[in-house]
Amino acid sequence: GGGSSRYASTNMRLKLPITCFILEIIIIILFGVLVQYDEGTDAKLWHDRNHSSHSDYDNDFYYRYPSFQDVHVMIFIGFGFLMTFLQRYGFSSVGFNFLIAAFALQWATLMQGFFHGMHGGKIHIGVESMINADFCTGSVLISFGAVLGKTSPVQLLLMAIFEVTLFAVNEFIVLSVLGAKDAGGSMTIHTFGAYFGLIVARVLYRPNLDKSKHRNSSVYHSDLFAMIGTLYLWMFWPSFNSAITAHGDDQHRTAMNTYYSLAACTLSSYAMSALTAHDGKLDMVHIQNAALAGGVAAGTAGEMMLTPFGSMIVGFVAGIISVLGFKYLSPVLESKLKIQDTCGVHNLHGMPGILGAIVGAIVAALATADVYGEGLTDVFPDVASGEISASDQGVRQIISLAVTLGIALLGGLIVGFILKLPIFGAPPDTICFEDSIYWEVRRSGSFILKAVISESIQFM
Amino acid sequence: GGGSSRYASTNMRLKLPITCFILEIIIIILFGVLVQYDEGTDAKLWHDRNHSSHSDYDNDFYYRYPSFQDVHVMIFIGFGFLMTFLQRYGFSSVGFNFLIAAFALQWATLMQGFFHGMHGGKIHIGVESMINADFCTGSVLISFGAVLGKTSPVQLLLMAIFEVTLFAVNEFIVLSVLGAKDAGGSMTIHTFGAYFGLIVARVLYRPNLDKSKHRNSSVYHSDLFAMIGTLYLWMFWPSFNSAITAHGDDQHRTAMNTYYSLAACTLSSYAMSALTAHDGKLDMVHIQNAALAGGVAAGTAGEMMLTPFGSMIVGFVAGIISVLGFKYLSPVLESKLKIQDTCGVHNLHGMPGILGAIVGAIVAALATADVYGEGLTDVFPDVASGEISASDQGVRQIISLAVTLGIALLGGLIVGFILKLPIFGAPPDTICFEDSIYWEVRRSGSFILKAVISESIQFM
Amino acid sequence: GGGSSRYASTNMRLKLPITCFILEIIIIILFGVLVQYDEGTDAKLWHDRNHSSHSDYDNDFYYRYPSFQDVHVMIFIGFGFLMTFLQRYGFSSVGFNFLIAAFALQWATLMQGFFHGMHGGKIHIGVESMINADFCTGSVLISFGAVLGKTSPVQLLLMAIFEVTLFAVNEFIVLSVLGAKDAGGSMTIHTFGAYFGLIVARVLYRPNLDKSKHRNSSVYHSDLFAMIGTLYLWMFWPSFNSAITAHGDDQHRTAMNTYYSLAACTLSSYAMSALTAHDGKLDMVHIQNAALAGGVAAGTAGEMMLTPFGSMIVGFVAGIISVLGFKYLSPVLESKLKIQDTCGVHNLHGMPGILGAIVGAIVAALATADVYGEGLTDVFPDVASGEISASDQGVRQIISLAVTLGIALLGGLIVGFILKLPIFGAPPDTICFEDSIYWEVRRSGSFILKAVISESIQFM
């Protein structure tokens, strides 16, 4: 059919090994040439520095590594299992998530290092760069959610190369050039990842995807696996948003704001899920996704003096927006704009990300020395130094949102067309959302049925 | 049948959204009026305090947050997945656990704040109040276990409102008025939650529950999901019991005592499970639950100088009691006392909680300055100051157990009758333990069978 | 058949309780006689010491416990779920893992205490001994992987008794007598556990195991459960390798080296998995196991100045070796050497462990004061003090590998013959890899089929 002309062989025997080996060898060479231990990880540098009053207990490892591990779980278990909701795509959801995350974190170390980690021609790395690499990886995984089930692992690795690079560019512009604040990445991670992925999905539009429709849904146990992903994202989001904020009250406050934002979001998500169903039955899709929107929406303002009260309002609104998006906007995006957003990343990361950016701009514009005291230096250093006013900071935040959207949309457009080249082994429309294209699936349905029947006889 | 007259419509389209929205809006307003950042989370207060010799690394975030995250995982993954053992109730187990926990932690912040967190008319919050809120939530989830499968989400939210409130009252009486010690909550969390839930289950007794009997059991994969819950509870229980003890040796010792108590309990649980089965086969119910009793039983004495030796004895006994309870007592509770305890919380939290309270009283009564040295001030401040004797402290502990039991039983009785009002959408006896009452279950059995058969043909 | 003469009853009703009770009671008595709180957990000792300049925040709990919890998750969830890939052996995989780990960590506390924790006739314990006990347990669980599905829980407990003891002897020789470094246990944990288990599997060779062949494989959901184990091992391996290194740069560097080794290993594992399949399809066995080899291989050199560049090369090679082992070596081991290695521990722990030991020896031999600065004292104290040269240290490492292999092989041989005694309830060849031998499996296949059909009718 149409598939045969448009799609090359999905056989990965050479394509995937060649891609992986070339990428890994390039990365290893670049690490050899460019990357060095930073002061906290280098035996000599740490002990030299240590001579003065420092103790081994001051190493940043102890103040960042627990957060890093929580973020790490979100990336590999959280994102990976969240996407296992599809009935026949669990291996690919968890497995491709694993592959592209393992690649992206290495590539991100280099790209982020180029843009804001160079010291005398070398990239210095430690636990903070590890967190940042995981953050950048998160953005790629969000885009993965938009194209889930419709792309080959080679396409995904290619997408990761470009997206990580553009992420680093955008992050540099937003944080370093424009001086915006975005500790939990409402803009740089969620908005960027979502709109990048949505445009890629648009370019890769499949008019005959309904031929795979019966596989583009969940079964009972796949929804339970997905809840593992949801809950780890939900529980550790406070660690995510606070992982790279300033030490002391900043990390503490960010974690707490996120905790309350998520709690409020969960209640509004359940309420909206029941309200928008004709029979009042809760929809697992909403619970798995919308209940997380409060974490996304607290990504920018979480480190600010948002207060638990403000955090809850933000989370409450995010949950409502997200369920409404799943219910009413996603079908329109698909039918009118031809954006087939498998996981609904627009509802979990796109709109809540924009909400978070706007909230961040407002809270920044309202910052006063009276409220922040000397803590203002940590949160808004340029406002504290008198260089700019608080409302200027708010403007910076909004400009940053616009820049992020622009780079995401333009980048996604170009990358989408690259991925469209019919040489990367994308599956035909008729067998999307199907593990057995790329995985040895040992026990197919027939076997299970046979086993069930034979055991019925054996054990009765 | 009888169900139709006694039970109103289970349709949640209006009931659940109205309940959620009203509760969340009330909470948000109360947070706006009453709740403030504490010294560790407020930008101004922290930096003011910081002027002296303090550094950002002294923030309590670094000494409590890892414990908090472990507790958080126990609440959402641990309790949530432990209850997925039912074959057709996984969505509700994880999903209602998620909903009522997200509500309860907010409400607990307010209730606990009223009773022991007020500063100048305001409730001050930080990581310690977050841990306490999660603890209180744990108590509600224990009660949830007793009524699992037989209650609507609206009933559960109502139960949470009242139980959190009474929990805070009891906690205030036990810890602040009576001056008892109960860091890991053998009394305040486990005994309270278990007996509260058991009485609620008694009041909600369903004479025709055997009509849902075929769903009130596990299938193969649901037992594996439940083991995820069990293991996270088991692994992180040392963090739970030590999360709010004094810093230094106290946290360290509590974690280690719990670690050994649980290890010993696991061996006695396996032994008893095989011993009490006529064919020597291990029972997943025992492994999933009884192996955790050692954590419950170390909840009061864990912070004391119980020694690993003592901890192991406590855990060893707790495992034996718990399996015996599942095997011989639960059937009696159901047939004679009409208490239908779905998860057997009496065996995991009730009896081991009482055991833990008694052990705590004994160990407290035996405390000497010789053993505790200056550490006595952290564990038993009133004994250290000479205000009371060690045996007085033991008496305090026992009185606290009695008070806890009294408030739990009386509170559960009243709340049970409130929940019995036939307007909250409880399921009829014939369709308890069934997700599809409250959840959109996309793929019912018929679909799976069709899929299996059609794939058999397709893939063979 | 042949099974009836060779295998005694698999009924565990008396065997398992007697074994568990005797072991636990012996352990409790030995703890009562021998074990004491160390300085960080004892109320009196800590506060006495504390008088000087120390604060409660200096307690080692805060600098080791987060690592301990990550290791703990690896032991119980990581190893436990990694082995659930078998279609009918999930209860035993998770459940026996749980049982023998809970036993082994107690026994390891005593055995390791005898060899390197005695203070005035007493074993002093705290968070570091807890980590070491979990490490030793990991070694037993590796051996468990080699005999998975073919042993009774009583056999496994017996194996644990001997293996823990020999582990402690070997660890003492390698680390204390020979003065080798092996923080993440490439030698002491992985090489030891793998070759010990392989020899046990050899002695327990079952010529008719193909009669259970249809159960010695995965089904769709069992592979997803196994991925939970894989990912937790992968994510927390940086914590594992760094858990007991020196504080400061050492822990920080070890974690980072392991992070990059694993990332590179993941890419080479995916590449090799596709390359070695005739149709280019990825094999879950490779992804679940080979992608972890980078953590094993960084277990010795991870704390050294291996650099991220070096770590990636090590991980890259480890992934290749591991997949090749699964594909080409394991079948030969089974057919020629009669080693039936259920989980392929030779490929995940055996060969990568030896690789890690050799890399460690090379990196140690290349150590210079120029590179390590004053940090040399932490990593190679005898080299820093001038007692030996760096190349001497390399020799120490290689001798340690040889000693480890020797003790593992000899120990495994003897223990294998002990386990072969036909009184421990091993399953006959025809019903290996089957939960229902040792577990009450409530819903057998017949029930599921009936349930599916009856629900088809009910819900349609």
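Letters are used for the chains, namely A, B and C, taken in the order the chains are written, and counting of residues starts over at 1 for each.
One rule holds in what follows: a contact is a pair of C-beta atoms (placed from the backbone, for glycine too) under 8 Å apart; a residue touches a chain by one contact, two chains touch by 3 or more.
Because the structure is predicted, anything quoted here is derived from the model rather than measured.
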| item | value |
| --- | --- |
| Rotation in the CA alignment of chain B with chain C, degrees, nearest 5 | 120 |
| Interface numbering overlap (same over half, different under half) for chain A and chain B | different |
| Centroid distance [mean C-alpha coordinates] between chain B and chain A, Å | 32 |
| Sites on chain C at which at least two other chains make contact | 62, 66, 221, 228, 436, 448 |
| Residue ranges of chain A in contact with chain B within the complex | 58, 62-63, 66, 70, 87, 217-221, 223-224, 227-228, 231-232, 234-236, 239, 246-253, 255-256, 259-260, 262-264, 266-268, 270-272, 274-275, 277-284, 287, 291, 305, 307-309, 312-313, 316, 370-376, 378-379, 436, 444-446, 448-449 |
| Chain C-touching residues of chain A, taken from the complex the two chains share | 11-17, 19-21, 23-24, 27-28, 31-32, 35-37, 40-48, 50, 55-57, 59-62, 65-66, 69, 72-73, 76-77, 80-81, 84, 90-91, 94-95, 98-99, 102-103, 105-106, 125-127, 130, 153, 221, 225, 228, 436, 438-443, 447-448, 451-460 |
